[in-house]
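Structures for review follow.
Two complexes come next, and they have one chain in common, chain A, joined by chain B in the first and chain C in the second.
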Partner chain A sequence: MDERDLVLHGLAIKRHATAAAVADAIGLTEGAVSASLARAVAANRAMEVDGAYVIAPLAGLALEARYGLHFGALREDAGFCRAYAAFERINRTLKNVITDWQTMDVRGTRVANPHTDKEYDASIIDRLATIHEQIEPVLAQLAQRLQRLGIYARKLQAALDAAEDGEPEWVSDIRRDSYHTVWFELHEELLRIMGRIREE
Partner chain B sequence: MSASLPSDADRYAQPPALPLVEATLSLVQDMVRGKLKKSNMTWDQFRTAGADALITQDDMRAVEARILATGHRFAWSAGISVSERPEAYVRADDAGGLDAGFAHPNAPSGPVQADGRALRGVGDNVVRQQQDLAGTARYIRTRQQVMSYLSNGVPPGTIAVIDDSGGTLTAPLIEHFAGVICAGGTVRSHLGILTREYNIPCLMNAKLAGVKEGDPVLIETTAPAKTTEDYQQGIERVARIWLLNAAQGSSHG
Partner chain C sequence: MADRWILRLDGTALPEKTLIGGKAWSIARMRALGLAVPPAFVVTTDACREYLSSGSIPSDLEQELDAGIEWLESGTNRRFGSSESRLLLSVRSGAAISMPGMMDTILNLGMNDEAEMALARESGLPAFARDTHRRFLELYSNIVLKTPIGEEGSDVNPASLRERIRDAGHDMPVSPRAQLSHAIAAVFGSWNSRRARRYREHHNIPHDLGTAVTVQAMVFGNLDDNSGTGVIFSRNPLSGERTPYGEYLPRAQGEDVVSGRFTPQSLDSLRISAASVHSELLAATNLLEKEHADIQDIEFTVQEGRLYLLQARSAKRAPNAAVRAAVEMVAEGMISIDTALSRVTSEQVRSMLFPRLAEGADRDATVLARGEGACPGVASGVFVHEADEAERRAAKGEAVILVRKTTSPDDIHGMIAAKAIVTEQGGSTSHAAVVSRALGRPCVVGVGSVSALRPGVMGTVDGGGVVYAGSLPVEAPDEEHDPHLRQLIEWARVRSPVAVLRPSGAHEIGDRRSDYVDLDAQLTAVDNSSLAAVLKGMKTARGAILATPEAARQAAACGVKTIVTEPVLPALLAMLGAKS
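Let's look at the complex of A and B:
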């Protein structure tokens, strides 16, 4: 993948993001990404509002049409496909854990988790740590075949460490690279590599 | 390894100037790569003997369909294009045409009540809230709509009506919605997770009919949230969707 497509790919995964956030996601410098995004805006491939970028619909479609060229070899790599299938299995558990983090049963009714019950929250973070142990070897297999994907393993580890160190926002806060934010972006990345559509 | 075209090796090629041309070219090249691979021919065999038979009108229609699915509409130079294929061209009055709304066959429907409300649908409540939520129904189904809301802002009180349970399309906008009605997914879908995180009332798996773009609606977010056990045991536990200020005698069939 050349730099232009890599930047558009990063933007498609981030969906609505600054040049710095896109650079962080794909491992390029902010300067290179800023310049590439400026060219994309000038050519009607992206739109910028208040410093945050969105990929234009037709540019997103053109990018998707080139994924077969960029990722065709990975799609036929048995080891990569096995790792992807493992990710999808663990993803189901992750979604349940995040739902249990956000909500809890109070007197038989499911309500938003006010995060006042430290024991309950700690039990969920323990479950998250278990998921992380399961996903680590999967991430290693993915990164072995596409080195860039190693970024996700580092970000997930950092988010888990912060959550375990008493900063619960790192579990699922949308405005930071929380565990769930990074996981969701990794899922988006893998769906694009494999040429699949997100089910829900 | 997928079959490659001679042009794939051209490292000095610049992308086409226009987004529509680039999208069409990339889609056609992707389709041709697939056909070439399936044919087991060399490129020279394929282009001299196979391509005309292997690439059909339907293949090109599929390319066009993917372009139209982004929300793109072609500019027209003769008015007859619009009248013959209104779905493919920019409308003469530029009105869009997505305002008819969802029409789910199993959506419940009730007569207009004394207070002017009429039942128009149900959905799975993501989190039980203290109050029901009233707002304005606005359908969001194309990236172009998303971009227009990003640059112009989402009107206050918008209850987004969407069918994208992964939040793929609407994620950049979610925090600006007053509420969300999603025609797919479950409360554990990614969209459910996102709306819970922003504490935005949301109904998933909605069955809705008879709510048009801009209609005032009320969603029953005080209903109990649907749980994992409810899904596993097939328990019906729904929140209702009401059309407000419904005209007497306009009960939806």
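Let's look at the complex of A and C:
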């Protein structure tokens, strides 16, 4: 993928993002991304509001049309597809863990987790760490075919470390690169690479 | 002869947690209270340190284990590794401080082909015995050998599981005694797992503390008609009412209760079938609640007419149960007012005060869609099908409900802008559900078809799972109308460094003073990020946003001494540094 499409691709995954956030997501320098975004705005491929960028609807469609070109080889790659299938399998467990983080079962009724029971929270973070151990080899396989994807492993590890070190916001807070936020962006990335549509 | 590496948990002594770990410590404590716990001994952290420095289990530990097993055998009238009444064991790690990366519990240790047959004959349940055997092999392989071989829920026979373990290059001991030694060595080894080391380094926990290993007799609730299993709460965890509440499943194991395959009965069935066990259980529940001064959630098993308590812990509870129990326990002299206040979070109070449909409002209302309730609360607004449009219209002050087939990270700005969220597909673990709960937006997921939710039309979302046509009247419960909340407010006011007043009683406060600010009257909306700048130098602040714990804390940090907002309790609890 050339730099122009890579920046648009990063913007498609991180919507309403600053140049810095897009740069962080795709592993380019902020300067390069800022310049590329400025060109995209000038060409009506993106819009800017208060320093945050959005991809223009038509540019988004055109980008998706070019995914076949960019990712065709990966879609045919048996190793990549196996790793993707493994991600989808583990994704089901991850969703359950995040739900158990936010809500607890009290005799058949789901109530919000008030995060007062340190033992309960620790057990969920423990499950998250187990998932991380399962996803690490999968991420390594994905990154072997597309090096850029290694960024997600680093970000997931950082979020898990922060959560284990006593900052539980890093599990699922949506306003930071929490484990759930990064996982979801990775899922979005993989869906785009594979040309699939999210099921839920 | 005094053992060097092992301590029998018979209740005569309460050794240090650093020596026996948290789990063994709570068993010892329960035994000391005279409660019936399955017999157990603990291999101490001394043995772990010896193992870690020498690399092998000390030889005299093996002898002490033999003696310890004999002691468990005499306490249970069962035999480990021979005879018809098999003794099976659970093996768990336990450090003084619980930490990630430590080995999980192994259940049913001692299982092999002969033990399976013995258990099948004893219980009359060959399928159960087979399942117990299979699950033991899976656990052992997973945890001790670190070679996952099982397929969940499959009915592979044990012989082929053993073959798979062999094929993976491992030796699965048949001898129960060898299984035990290997399991103990695996627990000790897990002390140095990467995650455990990292955790200790970050939390300044010395690496030489070591972990203990608790070895406990397994009990079975499905051996005969005088056996069963259940859970009991010392108070109702949904309402907080001071009545023990529980479930009992005769002739069943714990996993049968969890699996939902069987419908548990009320505790009354235990009272009718075994009155003395029932009263012993209630007495134990009462004792444990007094001892821990909190609602207890207790797992128990009755084996051949004898009660065993498996685990007692502080119960998870619904918000109103947390509030009611905290207030009532103060009246009962069980806890202090400060403890009561620390047991209720701002968020729990807020969720009790979520707007709900006014009484009878849904009677003549048209239901447009039904789905799974993902986040509670009620909100009305105009249906909007695109996140960008939701954001645009909300910015102009319009209340919108975001309706999507599914949501993805693309939609988050729209979800933040919306008053409520509805999705066509997905369940309680879907992205929409996760994000709506993080945002506190009422949300209904998986309604099947959103064709009835036409763009631009007004509707009302009840986060319990229903979408109605039109804007239905809602009412927010008043904290002053709930006697327990009123009590908490009274207690919190005395302790809060900042006065928090309701607008109805504070019309004049601060007016026309230079150190007073009304956030609701600001020209641009104030949010958490702009709050500090607006509050700087202010002594009195008024505004709806201050009812949220984050904003209230910020106000206190800025030196504000009086807050006027509604409800007051969430802000007050935030001031107390209560966990929220």
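One rule holds in what follows: the second predicted complex is superposed on the first by the 197 of 200 C-alpha atoms of A that agree within 3 Å, B and C clash if a C-alpha of one lies under 4 Å from a C-alpha of the other, contacts with A are read in each partner's own complex, and residues count from 1 in each chain.
One rule holds in what follows: a contact is a pair of C-beta atoms (placed from the backbone, for glycine too) under 8 Å apart; a residue touches a chain by one contact, two chains touch by 3 or more.
All figures in this text were calculated on a predicted structure; none of them were measured in a lab.
Placing chain B and chain C on a common chain A by superposition gives a clash between them. In the superposition on chain A, A:Asp77 makes contact with neither chain B nor chain C. In the superposition on chain A, no contact is made by A:Glu30 with either chain B or chain C.
By the touch criterion stated above, A:Gly68 is placed in contact with chain B alone, chain C being left untouched. Shared-chain residue A:Met104: touches chain C; no touch with chain B.
When both complexes are overlaid on chain A, the residue A:Ala122 reaches chain C alone and has no touch with chain B.
In the superposed model, A:Glu164 makes contact with chain C only, not with chain B.
In the superposition on chain A, A:Glu185 contacts chain C only, with no contact to chain B. After overlaying the two complexes on the shared chain, residue contacts for A:Asn96 are found with chain B and with chain C alike.
By the touch criterion defined above, A:Glu88 reaches neither chain B nor chain C.
Residue overlap on chain A between its contacts with chain B in one complex and with chain C in the other: 15-16, 54, 95-96, 98-99, 102-103, 109-112, 172-174, 180, 184, 188, 198-200. Remark: chain B residues 1-2, 4, 8, 15, 17-20, 22-23, 25-27, 29-30, 33-34, 66-67, 70-72, 127-128, 142-144, 146-147, 150-151, 165-166, 168, 171-172, 175, 184-194, 196-199, 224-225, 227-228 touch chain A in the complex.
Taken together, the chain A residues at the contact with chain C in this complex read 12-16, 54, 95-96, 98-99, 102-107, 109-112, 114-117, 119-120, 122, 125-126, 129, 161, 164-166, 172-174, 180-181, 184-185, 188, 198-200. Chain C meets chain A in the complex at residues 98, 100-101, 195, 198-199, 202-203, 233, 237-238, 245, 313-314, 316-319, 321-322, 343, 345, 347-348, 351, 388, 406, 408-410, 412-413, 423, 425-435, 437-439, 446, 579. Residues 4, 15-16, 43-45, 47, 49, 54, 56-63, 65-66, 68-69, 72-73, 75-76, 95-96, 98-99, 102-103, 109-112, 172-174, 180, 184, 188, 198-200 of chain A touch chain B in their complex.
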